[in-house]
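Chain nomenclature is as follows: A, B and C, assigned in order of appearance, with residue numbering initiated at 1 for each chain independently.
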Amino acid sequence: MSRYIANVKKQFKFKHITTWLLVAIALVILIILSNAGALDRSTTGLLSKIAYSIILATSLNLVVGFLGELSLGHAGFACLGAYIGTFAASYLRESIDSKLVVIILAMLIGGLVAAVFGLIIGLPALRLKGDYLAIVTLAFGEIVRNIFKNLPMFGGAMGYASKTYNQKELFIIAFVAVIIVLILMQNLIRSKHGRAITAIRDNEIAARAMGINVTFYKLFVFVIAAFFAGIAGVLYGHFTTPILYTKFDYNFSIEILVMVVLGGMGSINGSIISATLITIINFELQAKLSGDLAAVRTLVYAIILILIVVFNNAPALKPIKERFSLNHLKAKRNAKKAAVIHDDAAEWNRIETKVKMDTVLTPDLPHNEAVTPDKPDKPAKEDKENG
Amino acid sequence: MSTIMDGLSLGAIYALIALGYTMVYGIAKMLNFAHGDIIMVGAYAILTSLQLTGNPYLAVVVSIVVCTASGVIIERLAYKPLRGASPLAVLITAIGVSFFLQAVAQLIYGSKSQSISLPDFGKVAIGDVKINVSTILTLVIGGVIMTALTLFVKKTRTGRAMQAVSEDKGAALLMGVNVNRIIMVTFAIGSMLAAFASLFYLMQIPSITPTLGSMPGIKAFTAAVIGGIGSIPGAMLGGVLLGLIEKICLSIPKIAPYTTSIEFSLLIVILLVKPIGLLGKKIREKV
Amino acid sequence: MADLMLETKNLGISFGGLKAVQDVNLKVQKNELYGLVGPNGAGKTTVFNMLTGVYQPTTGTFYLDGEELKGKSQEKINHKGIARTFQNIRLFNNMSVIRNVLVALHNQPEFKYNPFDAMLHTPRYYDVEVRMRDKAKEILDVFGLVDERNNLACNLSYGTQRRLEIARALATNPKLLLLDEPAAGMNPNETAELMSIVKGIRDRFDLTVLLIEHDMKFVSGLCDEVTVLNFGTTLAQGTTAEALNNPEVIRAYIGG
């Protein structure tokens, strides 16, 4: 026991728990506000939306940012979770009185079913890379949608009418789910398994040569991400009625991807922030921009997406970026300090969260890359968000 | 019989779009997600010029010009700065471009579907079956375009340069091939094919929405992958195959609702069994 | 027989009819430093790729410590005890130095815990992680990399990256270490240092080392035996001095 405490002390760093601690504090404040009657119905509804968006974005980030594979079918897993979870809940409600137990069981069932499909869709992921995998996951999302549309037991094209939850309670449950998911996810990333996953992303060939079981980890990440997406789907299903297959189209998958890209691939904190922001903006704009003007929103996202990716990745912009990046300024300042003291216990397992995108999906580095190593360029913007 | 003819003509449309995907993939090594939306651009170009001039033939010409130009502009503005960046970055940009085009179209034309009246060529009877002349036209013109394209790639200087670039960009550059120009030409040709595809598509389904291109685009990409991406005959084979399967499935009432699932399942199965597609070339990873 | 660490029998591979490597018969004794030399394109790296499961040999087979490993996956072969470095360095560039080594320690039996231990941070997680770090530091110490441990791998100098790659391979606790041009791009000082490191780790970790190298000084100063490959076939084999002075070998290298 004392050894355990010593070990924990050796590794504990406040930084590691800030993410979920902040979310928890936010939740407590919201609960107080809600009890004081300061939150109206639409705000609590928005909060539930934010909660499931955060789960969707962070879980997709596991696949895209940490494993380095592109998945365009994340909405498909959420769709499975939404339909199966609420379907299960409607049966469970007959035999179980406690609403809380019902929704927890529903989340587990929805998550597990999605996880099974994650396993199935993960199988092609082992043989395919990049664009091919993207198209297979996209195809999977469309298949799921198409099937739910045609199953009469789920209401077919009319959608599945589900019992919604009291929104004031639902957002609390949803945020507790977010906190648990975040803890599990970050703990996983900060372990040897997380290291193996990022090793595969960094250099798959080397990872194999080091005896990392690439097959297992790719499947594992797909399954875990699908499980969490399924849970998010169940939350969605308890929040909206009827559940419509049209919601889970390819655009929804892309929207989640936009959250991941905006927040920074490989950055859980970034995903949380961008998921929250995008959901709020969507919510606000939805009320203000009706009809065809809704396209303005899409237009803005499209432009932001293109600009961010081009700015972060265009080889020609590299020198400009380096000059203005925070890291560069930091390095300059550090150079002035004589000695930098390292905190061993914390530094050794710190997570290199932000990856430059060039390295994702391109394990085949050109020969000369090793001769003149690039400085890891971290875009200034992401740094601010995580600071 | 008419199902098969319909399938073939839908297949020809898919093949035309798939060619665009496959050529761009073969040469620029990127999945141009916005390619489907070029069809939408072409469709609206036809609509607008038809409304303005009333001349369908002129409309077709305008649509070809607009598509080609937008393909080239997109390549220059969005993709060229990313040359040499990771495939994931390029792919995400392409998705962004696709959304951009859809949003712009929606802002200009609205999200309601607009109908278009193209000249009706009537039907001809072959034996007992009546077949739309437009179906036959699609097949014939589609066949001619594909043959011309194959000849172009095989016989002309530019075509051979394209093959060289797709084989090894670096080596082609050293041999004095202007890689940037070749990539631009590829985008131009691919977008031109998309203009034809939009014309044929409208001849079958004469209504236009801003998202018109996305489903055919995804399906055509499926076709390109099934045929083996990067391979021109593969794209044709995959397109025709997919068109036939779709029409046959749709003609059987019991499985008609599941057509999309069947097509995409086929893609997954083929990729699992033969990841390089039916006619694709094997690439060895260098260690 | 029993003291052979690696034995290949008629190992060969062809790509689309082209015989890239054929009939390679290596006999590497336990604890030996064995060199694989030959002009560019002779198929040396291809041999490494076959021994590590990257390519499946089309003919022949090979044994590690008496156990046939042909047809096994890359991961399995690594678990059985072959580790390698790469000709063009393949570090995990975005990871710190110590993390590179930690990844390689992944499969050691004493560092086992499952993903659920990780997600729930059980006592086992803490225990293993702390021990893993100590072990990684110990390995880095051998290579003089302890002070660099928190730097990103891509920020190291070229020679240091090479050393780290060897350290990382060593962390998988191999019986046989394959080094693909370990001295390439190093200056004479670094090369000399590398020679003493290779000898040192052989003795300290009871290793057998098979290495590819162009630097003949390096090979003759280090290796007990060599095999010379040319155009995918064995040109000469034997003790280092003998094989390198073989007139055929000299002709292959100088040309003529």
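Here, contacts are C-beta pairs under 8 Å (C-beta built on N, C-alpha and C of every residue); 3 or more make two chains touch, one makes a residue touch a chain.
Quick caveat: nothing in here was measured; it's all calculated off a predicted structure.
Just to be sure I understand: the centre of a chain is the mean of its C-alpha atoms, right? Then which chain's centre is nearest the mean of all of them?
Minimum centroid-to-centroid distance belongs to A.
From chain B, which chain is the farthest off, judged by mean CA positions?
C
Determine the centre-to-centre distance between chain A and chain C, using the mean Cα coordinates as centres, and give it in whole Å.
About 38 Å, centre to centre.
Let me have the rounded angstrom distance from the C-alpha centre of chain B over to the C-alpha centre of chain C, please.
From the centre of chain B to the centre of chain C is 48 Å.
Distance from the CA centroid of chain A to that of chain B, rounded to the nearest Å?
32
Please list all residues of chain C that touch 2 or more other chains.
54, 86
Give the residues of chain A touching no fewer than two other chains, as numbers and ranges.
Counting only residues that touch two or more other chains, chain A contributes 205, 359.
For chain B, which residues are shared contacts with two or more other chains?
287
Which residues, counting only chain B, touch chain A once they are in their complex?
25, 30-31, 78, 81-89, 91-93, 95-100, 102-104, 106-107, 110-111, 210, 214, 218, 221-222, 225, 229, 257-258, 260-261, 264-265, 267-268, 271-272, 275, 285-287
Sort out for me which residues of chain C touch chain A in the complex.
52, 54, 74-75, 78-79, 83-84, 86, 88-96, 98-99, 102-107, 111, 113, 115, 117-121, 123, 125-130, 132-133, 136, 149-150, 152, 154-156, 158, 161, 168-169, 171-172, 185
Can you check the complex and tell me which residues of chain A touch chain C?
Touching chain C from chain A are residues 3-4, 7-8, 10-11, 184-185, 187-188, 190-196, 198-199, 202-203, 205-214, 220, 342, 347-350, 352, 355-356, 359, 363, 365, 367, 370-371, 373-376.
Quick check: in the complex, which residue numbers of chain A touch chain B?
That would be residues 64, 68, 70, 123-124, 127-128, 130-132, 134-136, 138-140, 142-143, 146-147, 149-150, 205, 250, 254, 257, 261, 291-296, 298-299, 301-303, 305-306, 309-310, 312-317, 357-362, 364 of chain A.
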